[in-house]
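To keep things simple, chains are lettered A, B, C, D and E as they appear, and every chain counts its residues starting from 1.
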Amino acid sequence: MAELPPVPLTLEGSATLHQMFRFRWKEWRNLPSWHRERIANETIRALYPTEKGAAEGHPNQSALFSQIGHKGDLMLLHFRDSLQDLNRAELQLAQTELFDYLEERHSYVSVVELGLYDSSIKTYTALAEKGVEAFSPEWNTAVKEVIARQTAAMAPRLFPRIPSAKYLCFYPMDRRRGERNNWYSASMPERQRMMQDHGAIGRRYADEVRQIITGSIGFDDWEWGVDLFADDPLVFKKLIYEMRFDEASSLYAEFGQFFIGVRLPIQDLPLWLNGHLTEAAVAHS
Amino acid sequence: MAELPPVPLTLEGSATLHQMFRFRWKEWRNLPSWHRERIANETIRALYPTEKGAAEGHPNQSALFSQIGHKGDLMLLHFRDSLQDLNRAELQLAQTELFDYLEERHSYVSVVELGLYDSSIKTYTALAEKGVEAFSPEWNTAVKEVIARQTAAMAPRLFPRIPSAKYLCFYPMDRRRGERNNWYSASMPERQRMMQDHGAIGRRYADEVRQIITGSIGFDDWEWGVDLFADDPLVFKKLIYEMRFDEASSLYAEFGQFFIGVRLPIQDLPLWLNGHLTEAAVAHS
Amino acid sequence: MAELPPVPLTLEGSATLHQMFRFRWKEWRNLPSWHRERIANETIRALYPTEKGAAEGHPNQSALFSQIGHKGDLMLLHFRDSLQDLNRAELQLAQTELFDYLEERHSYVSVVELGLYDSSIKTYTALAEKGVEAFSPEWNTAVKEVIARQTAAMAPRLFPRIPSAKYLCFYPMDRRRGERNNWYSASMPERQRMMQDHGAIGRRYADEVRQIITGSIGFDDWEWGVDLFADDPLVFKKLIYEMRFDEASSLYAEFGQFFIGVRLPIQDLPLWLNGHLTEAAVAHS
Amino acid sequence: MAELPPVPLTLEGSATLHQMFRFRWKEWRNLPSWHRERIANETIRALYPTEKGAAEGHPNQSALFSQIGHKGDLMLLHFRDSLQDLNRAELQLAQTELFDYLEERHSYVSVVELGLYDSSIKTYTALAEKGVEAFSPEWNTAVKEVIARQTAAMAPRLFPRIPSAKYLCFYPMDRRRGERNNWYSASMPERQRMMQDHGAIGRRYADEVRQIITGSIGFDDWEWGVDLFADDPLVFKKLIYEMRFDEASSLYAEFGQFFIGVRLPIQDLPLWLNGHLTEAAVAHS
Amino acid sequence: MAELPPVPLTLEGSATLHQMFRFRWKEWRNLPSWHRERIANETIRALYPTEKGAAEGHPNQSALFSQIGHKGDLMLLHFRDSLQDLNRAELQLAQTELFDYLEERHSYVSVVELGLYDSSIKTYTALAEKGVEAFSPEWNTAVKEVIARQTAAMAPRLFPRIPSAKYLCFYPMDRRRGERNNWYSASMPERQRMMQDHGAIGRRYADEVRQIITGSIGFDDWEWGVDLFADDPLVFKKLIYEMRFDEASSLYAEFGQFFIGVRLPIQDLPLWLNGHLTEAAVAHS
């Protein structure tokens, strides 16, 4: 029997953009208070509808976080229907007066992704057993059907609302292509097994942490982005530490920078702009 | 029979320059609107002819993209007949008033390249069988003839128009010279086979994505640049992900930063400068 | 008997933030002296209570250090009850007028951590011997009890006062995940033995140096942060040099940047702002 | 017979400095035209004599290049009799008014170097056969004689005029000290053989490209700098690509950044400062 | 017989700080000449005493260098009795008006160090033969005695005057902890032998170059700093190139950036501030 294609099927959902900004406190505090208030109100008017998200169809939401540490002061997370719409969100923000006090230090472009290791192996094997040649028109049609069916079934996970948890942890990652340990040389069944073990750890934390995986091959400098949402940030540490021992991570993961923030409901932005962080009465979710 | 030369023949075409700029929104918005309009019009006058390209000979075009993420706001892609002409394009842009609002963050210098693995092996072998010593005058003449003939045949691919697709993905890459996996130590036939497998994936995506490979050895910090053009950006992700499993990539590719943008027809620049991204009614192509 | 879980139990205490600032001497010296004095007094009023720490409960302290070298001029070290409170400390500082003369160059976010290799092995083994399956509800309950009991017993080390020593040395570190030497592939007993050897060196220096380990997986770019406090800074050099030969470090440690500072009691800040470093009559501890 | 010393003899010539500058176009264009002209003329007066070079003795020249891409706009290449004289050239330039519009982004400090693999082996072997102990006074005297004799013979290559070709390609490089492939552990005869193969490629391009190798151990961050001069820049690409397959490069070379520029005769600087690049009627050579 | 401790004894002397500054020529030249003169004189008054050094006790000197290349324009090298005193030197400089024209780009914090491989082995062996357990109180006392005796004997090398040579070369370095070549896993006798071979090269250059090794474990980002002083800078190149072939360097050294400068006697600073570099009539030594 012919060798199965090595690439797993993936489903794609919302296009996402992380924007990390330093805030120019000195320039801000030098403004007269009536001017600060005007800017704060203008910003709320601009961002509040995106925090609520669309009433129909995909949520297309944005959310705001107060960052801890020097990598940024404010993080904006956008979920939209397309990369073009993300670009529109960027351009819209750049027209607000608040933007004059923001310095963009980092960002991340990716799309919500679900990797279908199990379905891929099942589908590829079934087609191979029927004698359908990989990448033939018949094969392509069958695979597209699987993707369409699963995309419909997974829509809520592919176009999610932004979880309303108090803390966000974001980091990008790669699968290692080392000279000994090379994820892309491992066989599909090996990778499937490792992803299963990896997923099992995540499931044990499902009550405490919500995870959204985004894919960024072709869009940004790492292959994937991971967003974790939790009310207790220690859970991030425990979950990621535990995962670091599974084979998919210990042998095959490379991590980028880690960003951590506290959810900042848009209506609390005026307080934040005066230096106060409210007890996160988290946005309607 | 003597060992064949290890370096494949390549054909070279248009010299290309990618320029990635941050836009100084604050300074821009502080200008009075008559001034912004004047600058926008001046820029259109300067760039529109290059977007159209030359009426005769090679296209010598430029194109504009709205970038997503903090690596830049505007990307300019220039195709010209020589590096000197690229430098002229840079200098001309630097004289426009719009340039006062641009901060160049990245760039990439390269020339359109077609690698001729198959022809190289055929030519080198034929000459060796005739007893012509590699790099002898006779050998050089024969090789030059092959290059001249192929350059003529490939002219449309060597001096292409810039595809009018909605999205651009650009990234530079190297072939790995690791202590175990070293592309430059692999034999010519091995490299030929790997490039064939690699190309086969690209061909399966030919309807959805247009690829232009440029070489930058001696011109910039990576060995090659890859430009992908597509109307649906998810195709970038699927194509590059699939390629990551082929041997040429899994064992031998090192990737630089990824840049992603939405095509911005020059005549829509005034709208962009007001924060609007039109539904890309893409430039005449 | 089933394999034991590979991740050691950890206890978590105070959330900590290191902030490293360059000071804008030129702008500062250009202020009239009455203005400098006003700012200095305002800063003392803001920071003095946090230097003293809370009278009840956890200390929740901050401390100030004068940094040596170009990485920063002033370092602030904050210990708080939560990441949210660290963010509040950052926001509060950003509202002071002194902040206009500070440029944040680095920072580090972590939580005080005690790794329980011995208890973990004992607990995991006992539960396995009783036939309790790892991660079952019964197992989870037993483990939580161990953590709760140890957290109570270790409270003074988990929520420490900031030692009043004259010098601080801070650096972040990772455990190596190399292609040959991979900490996360080593067995729990091996790691336990290496950590014991590592700890034995530390204990020989216990009279001269106080060490606080913080964990930052999920919070910042390295896995751990190390703070060393001593009156004689040569002890930092001797301790770390000696440790570099133990297996846990020689084979498995990767180090980030090193930051070194002299303790600056808040009430001496006005002198420092005039360019003087007092003989560290160190803060009440 | 005793082991031969592993370090090859080298000859040293002109001290060289590469300076890469971004040009502040906005500030420049805001100057009134009489002021721009005055600065341009002042700069020509300052640089023209160094472009011509000294009438007697070593050339001690400088040359100007218009850079392509964001790494710089103007590159200055200085050849002088000593590092101190290079420093004088830097200081002199810093006193010109043009310098107010230059931002130095990169530089490279090195001295023209000729490596004498063949002579070294011949000399070391002859001395060893005579029983002269390495590094003994007699040995030192003999070696110094070889160096003096060769330095005299090679003077034109050690203190060269700057070639008047249209394009410059500059890059720094190291010899690899990998865990498997370590140039500095290879035997002298092996290194000699590899350098011969490497040199043979260069000689095939001798008509089209002029190469100047400089050594920078102890002076800058890489071990060597390579300057290539050619009228057709594609030759840089072909030469370096071909070399990448020889053993000295494929196994043992590490490359830094690549810088590419078009020769700008000093008298054409006023045109360049108005955004024009003349057809390089290259400086008197 | 028990295994000997792996860490060699070290002696520590002067605390040292390297500061590398870019000079703001534009702002400087815009000052009226009376103002420039006043600042130059103020600076001489502040730095001249430290250039002379203390009349009694340790020299506690500072020296000034004119740097070549873009990494800096002025380098200050400080030797003091403690890290706290280095911090005072920094703070004092920051109060001068000249500091408004200085931009600190790099620095390095370390202490003069002598590594005692031979004494360590002799001492450790003798104590082991007497049955004294390593790190026991008796062992500690004996080791402290050795250190005290050697420190007294080596005082001139531990608290040196800054050599008055014309050129300075500074670079930081690490001992490699690679997956194959790991200095910290090599046995003490192996390391002793390699350091001896390494030292033998240095001794052959003793007439031409003066070397000061400083240790920076715990103080800065590399493990050691190397300062070389010579009147002929080619000696730096020859010495370091030759050393690169010894085992301690070829297998086990990792190098940071290299900094090169020309000694600038403080009294010549006014000339330098006008763009002139005097023929280094080097400071009284």
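What we mean here is this: contacts are C-beta pairs under 8 Å (C-beta built on N, C-alpha and C of every residue); 3 or more make two chains touch, one makes a residue touch a chain.
The structure displayed is predicted, hence computed values, not measured ones.
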Path length in steps (a step moves to a chain that is touched) from subunit C to subunit D: 2
Touching both subunit A and subunit E (chains): C
Chain copies touching (subunit A, subunit B) - same or different residues, decided at half shared: different
Degree value of the rotation bringing subunit A onto subunit D, based on Cα positions, nearest 5: 145
Interchain centroid distance [CA atoms averaged], subunit B/subunit C, Å: 47
Inter-centroid spacing, subunit E versus subunit D (mean Cα positions, whole Å): 29
Per-residue multi-chain contacts in subunit D, two or more chains: 179-180
Overall pattern in which the protein chains touch one another (line/ring/star/complete/other): ring
Chains in cyclic order, anchored at subunit C, direction fixed by subunit E: C, E, D, B, A
Subunit A-touching residues of subunit C, taken from the complex the two chains share: 6-7, 10, 12, 17, 19-20, 82-84, 86-88, 90-92, 94-95, 99-100, 104-109, 111, 135, 177, 179-180, 182, 184-185, 215-221
Contacting residues of subunit B [partner subunit A, same complex]: 23, 25-26, 29, 66-71, 73, 166-167, 169, 171, 178-181, 204, 228, 233-234, 236-242, 244-245, 249-251, 253, 257-258, 260, 262, 272, 274-277, 280
